[in-house]
Amino acid sequence: MDIATIGGIIGGIALVLFGIIAGGVGVGPYMDSGSALIVVGGTFSAFFVAYPLSRALSIGRVLSKIMGNSSNPVGEVIKIIMDLANVARKEGLLALEEAVTDVNDPFMKKGVTLIVDGTDPELVKTILETELEHEAVRHNQGKGMFDTLGSIAPAFGMIGTLIGLIAMLKNLDDPSTIGPSMAVALITTFYGSLMANLLFIPMAKKLEIKSADEALIKEVMIEGLLSIQAGENPRIIEEKLRVFLSPKVRKEVGTEEEVREEGEADG
Amino acid sequence: MDIATIGGIIGGIALVLFGIIAGGVGVGPYMDSGSALIVVGGTFSAFFVAYPLSRALSIGRVLSKIMGNSSNPVGEVIKIIMDLANVARKEGLLALEEAVTDVNDPFMKKGVTLIVDGTDPELVKTILETELEHEAVRHNQGKGMFDTLGSIAPAFGMIGTLIGLIAMLKNLDDPSTIGPSMAVALITTFYGSLMANLLFIPMAKKLEIKSADEALIKEVMIEGLLSIQAGENPRIIEEKLRVFLSPKVRKEVGTEEEVREEGEADG
Amino acid sequence: MDIATIGGIIGGIALVLFGIIAGGVGVGPYMDSGSALIVVGGTFSAFFVAYPLSRALSIGRVLSKIMGNSSNPVGEVIKIIMDLANVARKEGLLALEEAVTDVNDPFMKKGVTLIVDGTDPELVKTILETELEHEAVRHNQGKGMFDTLGSIAPAFGMIGTLIGLIAMLKNLDDPSTIGPSMAVALITTFYGSLMANLLFIPMAKKLEIKSADEALIKEVMIEGLLSIQAGENPRIIEEKLRVFLSPKVRKEVGTEEEVREEGEADG
Amino acid sequence: MDIATIGGIIGGIALVLFGIIAGGVGVGPYMDSGSALIVVGGTFSAFFVAYPLSRALSIGRVLSKIMGNSSNPVGEVIKIIMDLANVARKEGLLALEEAVTDVNDPFMKKGVTLIVDGTDPELVKTILETELEHEAVRHNQGKGMFDTLGSIAPAFGMIGTLIGLIAMLKNLDDPSTIGPSMAVALITTFYGSLMANLLFIPMAKKLEIKSADEALIKEVMIEGLLSIQAGENPRIIEEKLRVFLSPKVRKEVGTEEEVREEGEADG
Amino acid sequence: MDIATIGGIIGGIALVLFGIIAGGVGVGPYMDSGSALIVVGGTFSAFFVAYPLSRALSIGRVLSKIMGNSSNPVGEVIKIIMDLANVARKEGLLALEEAVTDVNDPFMKKGVTLIVDGTDPELVKTILETELEHEAVRHNQGKGMFDTLGSIAPAFGMIGTLIGLIAMLKNLDDPSTIGPSMAVALITTFYGSLMANLLFIPMAKKLEIKSADEALIKEVMIEGLLSIQAGENPRIIEEKLRVFLSPKVRKEVGTEEEVREEGEADG
């Protein structure tokens, strides 16, 4: 469970509620089920126009990826690869089969199986890189869904406001209703902006970052596995893989902190 | 027929109607044939300035692609290729000619014909990849049409509103007409936003996704056909092609569900 | 003469006029030579800041390209190349010199001349591709001019409106002048939006499409001429060139319709 | 001195002044030193946050490049290279040393010096291309400065207007001051838009175009110098370099007009 | 400490304060802790939705990079490399180990260590370039954080204003409160715009530029170290490295001014 996602959403809603209550008219005027229906319903209607049915329905799985745990830190992955490299060095490539049984990453497992089967190194590289590439495409499509939602939601917010404004303007006889009518009209814009800026756009960003992290890890795995297959010296392999770490993490490798600190965007 | 496109459009219109009726002034004030003429007509006038005649007229064909069925799932295409690979393995490349008579994909047929004719593998690759590339260009141009419509429609909505506002401001003598005049002025913005955000922009997105799916399938076909021509082991071919599947589908290959589930954007 | 461009502009203006007349205050309030001067003049002032003089003055030539006829359909170009291929096959490369006298495309002529002169194939390729590439750069710069105009015109429309608004606000003493003054202020925004969305932005798009069509034709010519020089079989050459056609056109090649239908963005 | 830049700026300001005077309230209400200070000062404050000090201070040099003369036309550069090619053909590469003394382009001089020194052709190519590439990066950074100014200026215009609006709204007691206060508030938006759209954005564009022209000329020089070093036939060299010219200029090469006409964006 | 960043922020705030005081209602109406809470809190809530926790928390380190000193000028780095090249020329590669003890750049040190260890040149290149590439990715992610903040802050400013407007419109009974209520509503937009345009967006730009400078220096180091390892002539190495300098700096190399002037974006 990604605590930042949940915490950010709860925090954002709490702050908006605080702002509403501070406004002095209570929460009531901001709750309008019809407005919610227009914005949410309209956004998802356009979403179904934009995405084929099977893909549109997969949004739940994309969402669970956004809310789920981050991938293993690079530091840990490098340790596993170094263990495999040492096994291969001492006992030969075939010994990897047993060594990989503890690893539960399917990509790493597949790579080791290909190596143990004596597959041509060029083919191992092609298969693993094609898989990495196609996973990136799939992740990018998932991000695209949230980007689409993030740009359509404010548009339907504005469409709802236009509907309300036109109704109000047609009906200016009683001046006392102008204010409240316009308030209602603005609620859809409020909903659309909040949905886009607190949920959809940041979620698309988080998916992008998680995908980049996963791709980096797969790149490390490919680099490491090909080096193991080529029979390279474990010291050289470690040197090659450590460049994937940020300088800060590099210093800490070997300490308890490494796992927690890894993956930070420092320079 | 793509049920999501139709359903999304109908759902979106229904929600907008609901919002209009909830506004309490009835559907009448939102129906204005003059406003519709300005927005739709203006948008398509600019569209004809933007696109050469023959291409502009082909928009119907692009639309039918958007509304039409999705392409075959990748899983099925891989099965067909595996069948061909087994035929070629057992009976030789010439036997493919007969095996391909059941296949009704023109791209696959063309590839098999080139192989049966004994065309040089490098040339087969060049011809098929050039075709894939040029199809991508054509699809992208089709998407460009809807992107153009999606950006021009709101602009003509705003132009219509400016026309209405200027007329209203010139004629402020009777205050009772201000509201209704402004309501009418806003209708073009409402039409332009709705057309762009419920129709044109999502349709451009759907075309993009369908094109990406088709390109992926053609990539699988090229990879598979070239491997068959090279006389590779069917097991290796299957391994190479399976990387094009999403992990979820990969598990299901061989079950009835595979067809329905394929093509989802999970990761 | 590109009929779609002219028709689109006339149609767009007619629809705007219709909207104005339907507004009931006549065409007069929408005609303001001062406003036109600010928007048109301001836009072109900024245009001259953006473009060196000689290039800015070449906008007329770019405009005539936008309004002019489209290039030859790909189908026809392929036929000419096939004729040349057959001549070269039967009578040798030197016979191309005479065969090309009927062709009035300077790019094709140049390519044939290089081949007849016995230029090294690698050099022929380099010269023709460099020319293609630099023409693409020049076309892109022409498109850039209209993109620039399309983004500056609405900005100067808004600047004009700000000038008008400030004048009106400074001078609120007579309430009866507020409406008309604001109407006049809005006219510049109206002009800027209309110019950008009916003229500049669609014209930039049309130039982009015409350039892509021309580049495709030059690609076909390069591919064909190099194959002729390499002495390839005309049947293979035709197969290689046909991939540049859209599937729809491919079926029709050899019929009268081919010319009219070519170049459509179907898939 | 680039006459278009100066002329465009003067023309744009004259048109804005015309619009202001036509508004009937005189130039006075549009002149507000406080507003100018907020927009100009705020924009440059943000500019210093965005750029390291030494680079921010180099904006004067970038500006002088924008206002300065265009580079030599390609046609002239080709002539110089052809002269060098003929010298090298007749008198050998070493004779270039004397021939280049008249040339005052440092890039060309450096290339000739490298050739005369007998530097390896691959190294000559690497050095000249790296220089071309890094110059492109530097020019792009200069353009980036004006792009940054062009996007920040309207933002500070809006910030100034918000400051004015809040002051006005807090102080609604005297209705007669509302109009003038709002007029003052709008002045910052007016300044920000004008600065961005008449100065910063077009200037960034001009720098982009001048940089592209210079890069093209350096490409011609590299191509020409390497061909000379390789001892290619001057006729072939000319053929190779002429593809860098636009078709219009190509016809005119050898006439007086060539210089003036070169560099136009026709196709 | 980067004086431009601090100076720009202080200058921008001072100018805004000046504008506020010139507005005549004092600083009080512009200070609203609730508004600040909504904008700052909402922006950072969305930020936590967008970034995994460990990365979001690393923003302090990214900020310290933005506020910190610029990297060494290229000129100085070239001098150090030339010293190393001369040492290697005279005393052999192994003598570099001692020569590098004075250098405190970890990247340079790592490169020299690899060379002294007799690592294969191809592997040295791969390791250093992979490190350069991954550092660029990390820096780009840091820039992405500030870009995200810069686009979310104005959105939450607008959301806050919508909350305030709806409250005001619901409660129009007392006209005297309309102005002040609207003033309060606009404060969040004011805060959001100021934060984005004075802080987040320019800071993202500064990080981009500092990263580009560092990458350039690392490129110089890689080029220089590989040339040293290849035993190239120091004069050739200097020639190769000088192309990384801007023309202005190139003239000054060897003078005291070089350090201060380097890194400017002239052309």
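Every chain is named by a letter (A, B, C, D and E) in the order it is written, and numbering of its residues begins at 1.
To be clear about the criterion, contacts are C-beta pairs under 8 Å (C-beta built on N, C-alpha and C of every residue); 3 or more make two chains touch, one makes a residue touch a chain.
Everything numeric in this text was worked out from a predicted model, so none of it was measured.
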| item | value |
| --- | --- |
| Intersection of contact partners for subunit A and subunit D | E |
| Gap in Å, rounded to a whole number, between the CA centres of subunit D and subunit C | 25 |
| For subunit C, residues contacting two or more additional chains | none |
| Pairwise touch network: line, ring, star, complete, or other | ring |
| Partner subunit A, residues of subunit B touching it in the complex | 2-5, 7-9, 11-12, 15-16, 18-20, 22-25, 29-30, 70, 176, 178-180, 182-183, 186-187, 189-190, 193-194, 196-199, 201-203, 205-206, 209-210, 212-213, 216, 236, 239-240, 243-244, 246-248, 260-267 |
| Sites on subunit A touched by subunit B in the complex | 34, 37-38, 41-42, 44-58, 61-62, 65, 106, 123, 126-127, 130-131, 134-135, 137-139, 141-142, 144-145, 148, 151-152, 155-156, 158-160, 162-172, 211, 214 |
